[in-house]
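Structures given as C-alpha cells follow.
Here come two complexes built around chain A, the first alongside chain B, the second alongside chain C.
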Partner chain A sequence: MLLKTTVEGDMLVATIQIKEGSLQNADEFKLELISQISKGFQLVIFSFKEVEYVDSSFLGALVASLKHALSLKGDIILTDLEKNIYDLLCMIRMDKVFKIYRTTEEALAKLVMNAEKL
Partner chain B sequence: MQRNYNYKRFTFSNNKATLIAALDTILVHIRQGIGNLCNADNITSRSKWILTELLTNASKHSNENLINFDICIGNSIVEIAKLEYGEPFAIQIDDERKTFPGSFIENNQYIIHKDDLCILYATVSNKIMTFTIEDVEITGERVHEINEHFGLIIITKSSDKFTYKYDFETKANIFMVKLNLA
Partner chain C sequence: MDTASSKKILLVDDNLFQLKLMEKAFLKEGYQCLKALSGNEALDILNKEQPNIIVSDFEMPGMSGFDFKEQLMSYPALKNIPFLFLTAHSDEEVMMQGLNLKAIDYIVKGTPMPVIISKVNNLLQTVKLQQQLSVEELRKAAQSLNIKSIPDHVPAVKGFNIQFWHKPFENYPGGDFIDFINVNERYTFILMGDIMGKKWKAWFFTFCFLSYIRATVRSCIYDNEFTTSGILQKINMLVSLDGVLQDILSSLSLVMIDMEENRVFYSGAGDLPLVLYNKNQSEIKQINSAGLLLGLMPDGLYDESCFEMKKGDQLLFFSDGIIDYGEQGENKSNYSLFLETITPLLGREDSFELIKENINFKQFPRVQLDDASIIFIHKN
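Let's look at the complex of A and B:
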C-alpha cells in the first residue's frame, strides 16, 4: 500500500508512504489513487510529507488521477510538498492545475471554513 | 581567465532499480564540481530534475543495457550528455510517426506537445534538434486540458539549452543539456 488514509468529515486524507515517486511505483500509485477517489469522496487531500523526490511518471499518475476525480465532480488537493517538489510543480505550472496548500492542517481548516460559509 | 574543464563519464545499467543510485552518483559529482557558487542550490535542483528525466526516459524507451552520461563542468557551464545506443528518436506528430532525422525538414519548427499550459517545439538545424518551450497564457483560474507526459517539458524548462542528435557512425542517441552557471 502506497497510501495511508484517514477520513476527515466528507474528505479523505491520503498520506503518500514513499520517499521516491518514480517510474518504479507510478502505475501502482495511479491505481491506488483512482481506487481511493472512486470511493465517492468529493475531496481527496494527498499529503506529500514523506515524499522527497518525484519524476514525470509520478506526476503523470497524479494528473490522470485528477482527471478521474474531476470527471466524478470531485477534486484533489496537494499538501506538505517539500520545496524541491513544489518548485518543480511550479516550474511546469502544475500550481495552475492542482489546488496546493502548505500543510494538511491548513487545507482542512480552509476547506471546513469554506463549507461553513455555504 | 584560464578555463578549467572537468570531464567525467559515468556508465550505468539501464533499469528502473538502479535509477536512484545513478542519479545520486552524478549529482554528487556535479555538486562537488560547481563548488560554492551562489546559485549552486539552483543548479543542483535543475540538474536533479534533468538527470531524473533523462534516466527515466532511457528506462522507458531504450532497450539497451547500458547508458552513458558525460558530465563536463567548466567555469561558466555544466554540460550533461546522455548517450544510449539504439534506434533514433521518434515521436508522434499529427498522427504521423516521425523518426529523426529523415522525417524532419531542416529549419522547420515542429510542435511536439501542446496543451493549455505550454507548447513544446523541436527545431532541426544541421541535423541537431533543439527543444524550446512557450508558456500559454492562462485566462481562467484553473487549467483542465493538460497532457500527462512531462519528461521533455521538465528537461527543456530546467535547462538553458537542450538538444538531441543521432550519430550514425556509432549509432548513439545523444541528448545534451547545458546549464549556465553565471
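Let's look at the complex of A and C:
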C-alpha cells in the first residue's frame, strides 16, 4: 500500500506513496520493501519523488531493508530525493552505503549501460 | 492535550454540502481538515497522510462507511485511528455492526455542529489521557528499576562548563540517549546517540546500547585504548555481531575531553556534524566525521578529530530531531538553517540559556517530530 511498483527488466522500481516517512509507517514500509526484495529482485530502485520529510524511524527502516538486500546479494538505489532529504542523508553518511541518482530515468539508463558493458 | 491546531481530521461524506459545512466548523476550531467524497478517495489520502481522527458518513454509494472502516481494519497503521460514524440511522443493529469494527462512536445526522465538535474534542482528549496514563505507568516501572537513558545531572569536568537539553517526542522516552563517563581525573567521555526509532521500542534498545557503550569505553581504557575511533569501532563490532540488535541502528557522537591538555577528541557514527565556536576569531566551524551508523557494517570507517579548546570556545552537538521545522504546513529538516539561526547566539556567557529560551525560533519554526537533544560545552 505504501509502495507503487513497476518491473523494469530484472529491476523493481518502487515509488513511495507517502509525503512523510515516520514512525507511523516505518514498520509497514520495511515489511513491504523486504517482501519485494525477497521476491528475488537483485536491484530495487526506490523513488522518493512523493516524499517531503523522513524521520529517523523511517531512515532506520530504509537501512534495515538495505541490510536485508545486501544479505541476498542485492542492492537498493535511491532516486528523486528532495534536497532537504538528500542533504540529511549525506550529512549522516548514508550516501556511502546507498547508491543515489538524481532521477529514476538516470538510474535506469546508468544500470542498463553498466549491464551492456558486462 | 495538544492544541487543536496540531490536530488533523479526515472528513468523509458523499454530500459535498455536508462536507464543506463540517470543514468550515472544524477549521474555525483550529483543526487541519482533509476531505474525501468517498471511501476510495479517503483511502488515497490515508496512503499519504494520517489524521488524528476520522469522521465518516455511514451511508455512501459504492463503498459504504462500513466497508471503508472494514478496509482500514486490515492495515495495522490505520486500524487504530479514532473513528466516528455520521449516520441517519439510530438503528441499534446498524450501530452494533459499526462498533464491532471498533468505530468508537456514532453521531446522528442533524446533530448541531458545536455538539459534533465537542464530541470529537472529548474523544481525542480521552485517547490522549489514556496514552498519558499508560506512559506514566511504564515510566514509573522504569524509574523503579533505575533505568535511564538521559542523566539527571552533568558531572563536574575541570575547566569546562557542560550542559544539555533534551525533549522527547510526545513526552515518551524515546531513542535519544546521553551519558557522561568520568574515567579518571584526566579524561571524561561524553556521548550522545539516537536509536533510529521512537517510543518504547527504541527506548528499550537504548539500554542495550548504553550498556555496550559504557562497558566498551571502560574496557578500552583498561586496555589503554584512548582513541575515540578505536572505541567506536569496538562498540560497532559488538553491536554488529549481536543478533538481538539486528535491524537496530544508532547514531553516536563520542567525545573525549582531556582536562590536562584542554584538548577534545571526537569520532562520530552517522551523527550530525559538531559545531565549534572559536572565540578569538568569532567564527564557527563544522566538525565532520566519516563514520557510519552503529550496526550498519562491520567496518564503520570511523575517524578521529582532535582540537584544542581555549577560553570562551564553545562546542555543540545535536541529535537529528533538533533540525526539524515547519514551513507552510509541511515538515522539513534543515541543518544549515538551524545552524544559521543559532550562530548569533554563540560566543556569550549565556549562549546556552539563550538557545534553550529561543528553541522555537521565529526564523526556524521548529516542530517536535522526534526526540531532540543538544549538548553544549563551554571552555572556562
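Keep in mind that, in the parts below, the second predicted complex is superposed on the first by the 118 of 118 C-alpha atoms of A that agree within 3 Å, B and C clash if a C-alpha of one lies under 4 Å from a C-alpha of the other, contacts with A are read in each partner's own complex, and residues count from 1 in each chain.
Just so it is clear, contacts are C-beta pairs under 8 Å (C-beta built on N, C-alpha and C of every residue); 3 or more make two chains touch, one makes a residue touch a chain.
Quantities reported herein were computed from a predicted structural model and do not represent experimental measurements.
Chain B and chain C, once both complexes are superposed via chain A, clash.
Of the two partner chains placed by superposition, only chain C is touched by A:Glu50; chain B is not. Put chain B and chain C next to each other and count what each touches on chain A; the higher total goes to C.
Contact with both chain B and chain C is seen for A:Val97 once the two complexes are overlaid on the shared chain. With both structures placed on the common chain, the touch criterion links A:Ile18 to chain C but leaves chain B unconnected. Among the candidate segments 57-65, 111-119 or 147-155, the part of chain C whose C-alpha atoms clash with chain B in the superposed model is 147-155. Residues 20, 22-24, 53, 55-57, 59-60, 63-64, 84, 87-88, 91-93, 96-97 of chain A are contacted both by chain B in one complex and by chain C in the other.
Remark: chain A residues 1-2, 17-20, 22-28, 50, 52-57, 59-60, 63-64, 67, 84-85, 87-88, 91-94, 96-97 touch chain C in the complex. On the side of chain B, the complex with chain A involves touching residues 16-17, 19-20, 45, 48-49, 52-53, 56, 59-60, 117-118, 135, 138, 142-144, 146-151, 153-154, 157-158.
By the touch rule above, chain A contacts chain B in their complex via residues 20, 22-24, 53, 55-57, 59-60, 63-64, 70, 84, 87-88, 91-93, 96-97. Every residue of chain C that touches chain A in the complex is listed here, in rising order: 47-50, 75-77, 175, 194, 196-199, 202, 247-249, 251, 270-273, 290-293, 296-297, 301, 320-321, 323-324, 330-336, 369-370.
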